[in-house]
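This is the structure, below, for whatever I ask next.
Naming follows writing order (A, B, C, D and E), and every chain is counted from residue 1.
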Amino acid sequence: MSPQIIDFLNIIFLGFLVVIAIAVSYVRDLLYAAILLGAYSVTMALIWLLMSAPDLAITEAAAGIGMTTLMIAVISKTGREEE
Amino acid sequence: MATAISENLPVLLVVMLLSTAYILPVLTRVRRFRLVEIFSILALCLTLVGGAYLAKEVLHNGSFHYQVGGWPAPWGIELVINSLTGLFLITIGFVTIPIMLYASADLVEEVGSRQRAIWFMTLFLLLTAALTGLAVTGDMFNVFVMVEVASIASVAIVSARNDAASVEATFKYLMLATIGSGFVMLGIGFLYILTGNLNMGFIQHELSTTWQNYPTALWMGMSFFMVGFGVKSALFPLHVWLPDAHSTAITPASAMLSSLAIKGYIIALLKVFYMAVGAQIILALPITNILLVLGMVAIIAGALFALAQDELKRRLAFSTVSQVGYIFLGIGLGTVQGLGGSLMHILSHAITKALLFLAAGSIVKYTGESKISEMAGVGYQMPVTVGVFTVGALSMVGIPLFSGFVSKWQLLLGSLQAGNYLAVLVLVLGSLLAAAYLLPVVKVAFFQKPEEKPLYGEAAYVQLVAMLFLAVLIILVGTFPGALLELAQQAARTLLGLEVLL
Amino acid sequence: MSRNIAAFLLVCIGVVMFLAIAELPLYGSPDTPVQNYVAERYIDGALSDTGALNMVASIVIDYRAYDTLIETTVLFTSIIAVFLVLKKGIN
Amino acid sequence: MSDFVLKRVVALLLPFVQMFGLYVIFHGHLSPGGSFSGGIIVGLGMIAFSLVFGLEKGSEKLTERTTTLIESFGTLWYGAMGLVGVLRGSSFLMNKGSGVPLGEPGKLYSGGLILLITLGVGLKVASTMVTLFNALMEEED
Amino acid sequence: MGDLINRILQNYPYIFALALFGIGTFTVLTHSNLLKKVIGINIMEGSTYLFFIAAGNIRGGVAPIKDMASQGEVIHVNPLPQALMLTGIVVSVSVTALSLALIMRLYKLYGTVDAREIHQIRNEVRASGNSN
């Protein structure tokens, strides 16, 4: 891929990250927020791949999914709704 | 073998503390619990011995470097051992040993079970190890990792009692500490982008020629560090987590946090400012002025908040905010006297505040009263505890022959030298306010008759020994400050670049 | 109220940030300060110095192994902290 | 019915997940990945087992005592690897000069201590994930 | 001025990184739900990784893994920031784990995961403690 295409994809994914980050504030359902966090990690892993950091990509994806799992485990106990 | 140990001593100190911490959780089935406590106190004693040895070496032969893994400086991690390291290692030894000794008396009863006591001690040792690591490190990212261990460990020991108040305080502390870490990480990022190095000496070398090209970016990075470490070390407007966390934790935890953990972050800030960026650049950027102003505000505001508290431990917690202001004021002065004074204040406030918190913890525990106004006549029942509390209070006020006087006198001389008369006024006012919020406790305890005959007695034997140790230390440091003061002055000269780094 | 104050502060910081970002070395160019002798040694020397093909692994577990030791300690610390927060423990 | 399908599918998939995790750990010095990512993958595999087959069964496989031991010894192992260099008269955490053969580049055994350290840390991370999950899900008092 | 804007636009990853940092910090400080705070922490820490990795990246560079088969000259990106951020990820995992544990404990103690309600309950308890 040429650097221009990579830059373009980077900007799209980075914009997506910002959208996810803002969406977290507006989502009332905590389960959705946790899933958005997972999406955040995976998008970030894609960006790492574009920035030629595969090590970080695999770790970020694994860690993000692991954290989302633990978070969903907590949400299953404390309830989904945010007052 | 002996040479192997002495050559690798800086890293072995950290690793020894870490290994002790790793082993402790496995020891839950040991029948004699006393052995576990002796084991961990032994590790702390070894730290003190090693730290004193390093301080002696530095005082005689100047600072030296150690390369972990044998990789030369910009590629591997380099440890820098200088007078700052020596001073802080001695402080760590002086404070942790009595606190651990004090804790050994009633830790199991305080935290609930033996296993929890072991977990608490593990975190305590990890915190000590991280602070030791902060003292010896000379690498920016190593600073971050050590700070992270220190903050997670110090956050966790707040919640040792696990009751409603302390867990809420813990969560607040964790969130703010993590935001602080984020700022520190961004600051490291700025320094790394601008210089391409993580080693402090190399960063300073690179910046010395190029920093005029990007003053805004450098200033931004420095303010990130200031906010990050400011949150963690409770610089005045960012101190909101401190009163809750320090007053709800169990006694050894609040003593440790108030006396040492906060100072560790200040040491890290000093390392970033003076060892990584360099005194010339820092004094040219308007950073130290901000610290000076914030320090002055902190002294007065912390003391006023402390005056308004009726709960003994909360009053001491706010007093920490005020005393941290003294340290930042000294840093802000940017002179040898001022910086030396604030380094000395790190030591003297550490031992004094540890003593005050331990004594206050004993009083609160044995009388069952947390309010100062209801402590009438405690002094007759617990003469030794209240006696050492008085020693601590006098030292905090800055009476001659107590350790607090030495550092405050240095700060005063530094302000006079810098021609900053407002700082002089604030220092004197701060001392008067300290007298106003600490001496009433002594007055109530000794000179008011209790309404009914109290049923409690003196604190446990080991705890008295620990507190007396600290009290004697305060008087010793206050009477013969010679070597330590020289160490602090040398550290200040080294940091300001007046003494060539060897 | 606190929301407004926080937003205001963040906007103020943002303006300064733009100025700072303009001063940073250009993203993606091969001659920034970051791509200096330090990176060069890692890229050229990692294989002969450590014998690992993956330079990130050679940095993580050889050049800067001390950091990784402490990083493992961070994980250990958090586990002990979780125990202290959640568990009653045996006597 | 769906429970049965879920159990079968997970039982079928889990060995592959674990194999992949171990692969990531073992090949950390040759390809992307390493102790931490591999350890998390292995740990997540175990968490999936606990989720599908029940927490009791999961914690039977890996008791709290075992995980504590792995926690402590994983980190101690790292420190011990560092001491090899000190005992050899050189510096802490030294690899090349510590007398451990570096091996042939590109082969599984290469990089001297790197492989050994990765293995210890990977095991520790896996047990950390499981411990975290168990601690969060456990009903105490 | 045009040069300034051009430089800012060329450094777009840093803008996004700092914007995400701001959003994350904002989420932590303003949301009263504790889980949202934890997610904010994760967003904030993620932005710092972006900052570092963007610093180490080169346009057209390849991943820092030596390929024994290829012969031609390739430009590797700087591996150091990647190694550092591996450490950073571990740190954020640890912090998240601890905060989740604290949330569980708070839920058991207060029956809610909302910071404002917890504060209210604490104040009520303190007030009733005073009157006794």
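The rule we apply is simple: a contact is a pair of C-beta atoms (placed from the backbone, for glycine too) under 8 Å apart; a residue touches a chain by one contact, two chains touch by 3 or more.
Keep in mind the model is a prediction, meaning the values are calculated, not measured.
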item	value
Third chains touching both chain B and chain A	C, D, E
Hypothetical removal of chain A, resulting connected chain groups	one piece
Longest centre-to-centre distance from chain C, chain (CA-based)	B
Chain whose mean Cα position lies farthest from chain D	B
D-E against C-E, pair bridged by the larger set of C-beta contacts	C-E
Length of the line joining the C-alpha centres of chain A and chain C, rounded to whole Å	18
Cα-centroid distance, chain A relative to chain D, in whole angstrom	24
Computed distance of Cα centres, chain D from chain B, in Å	36
Touching two or more other chains - residues of chain E	12-13, 18-19, 24-26, 29, 54-57, 59, 61, 63-66, 68, 80-82, 84, 86-87, 89-91, 93-95, 97-98, 100-105
Contacts with 2+ other chains: residues of chain A	3, 7, 54-56, 59, 63, 66, 70, 74, 77
Per-residue overlap in chain D, given as positions that touch at least 2 other chains	31-32, 34, 36, 71-72, 75, 79, 82, 92-93, 95-96, 105-106, 132, 135-136, 141
All chain pairs that touch each other	A-C, A-D, A-E, B-C, B-D, B-E, C-D, C-E, D-E
Of chain E, residues touching chain C in the complex	4, 7-8, 10-15, 18-19, 22, 25-26, 29-30, 54-59, 61, 64-68, 75-76, 78-84, 86-87, 90-91, 93-95, 97-98, 101-102, 104-105
Chain C residues within the chain B interface of the complex	16-17, 19-21, 23-25, 32-39, 41-42, 62-67, 69-71, 73-74, 76-78, 80-81, 83-85, 87-91
Residues of chain D defined as touching chain C within the complex	28-32, 34-35, 71-72, 74-75, 78-79, 82, 92-93, 95-96, 102-106, 110-114, 117-118, 121, 124-125, 128, 131-132, 135-136, 138, 140-141
Chain C partner contacts - residues on chain A that touch it in the complex	3, 7, 55-56
Residues of chain D defined as touching chain B within the complex	68-69, 71-72, 75-76, 79, 82-83, 85-87, 89-97
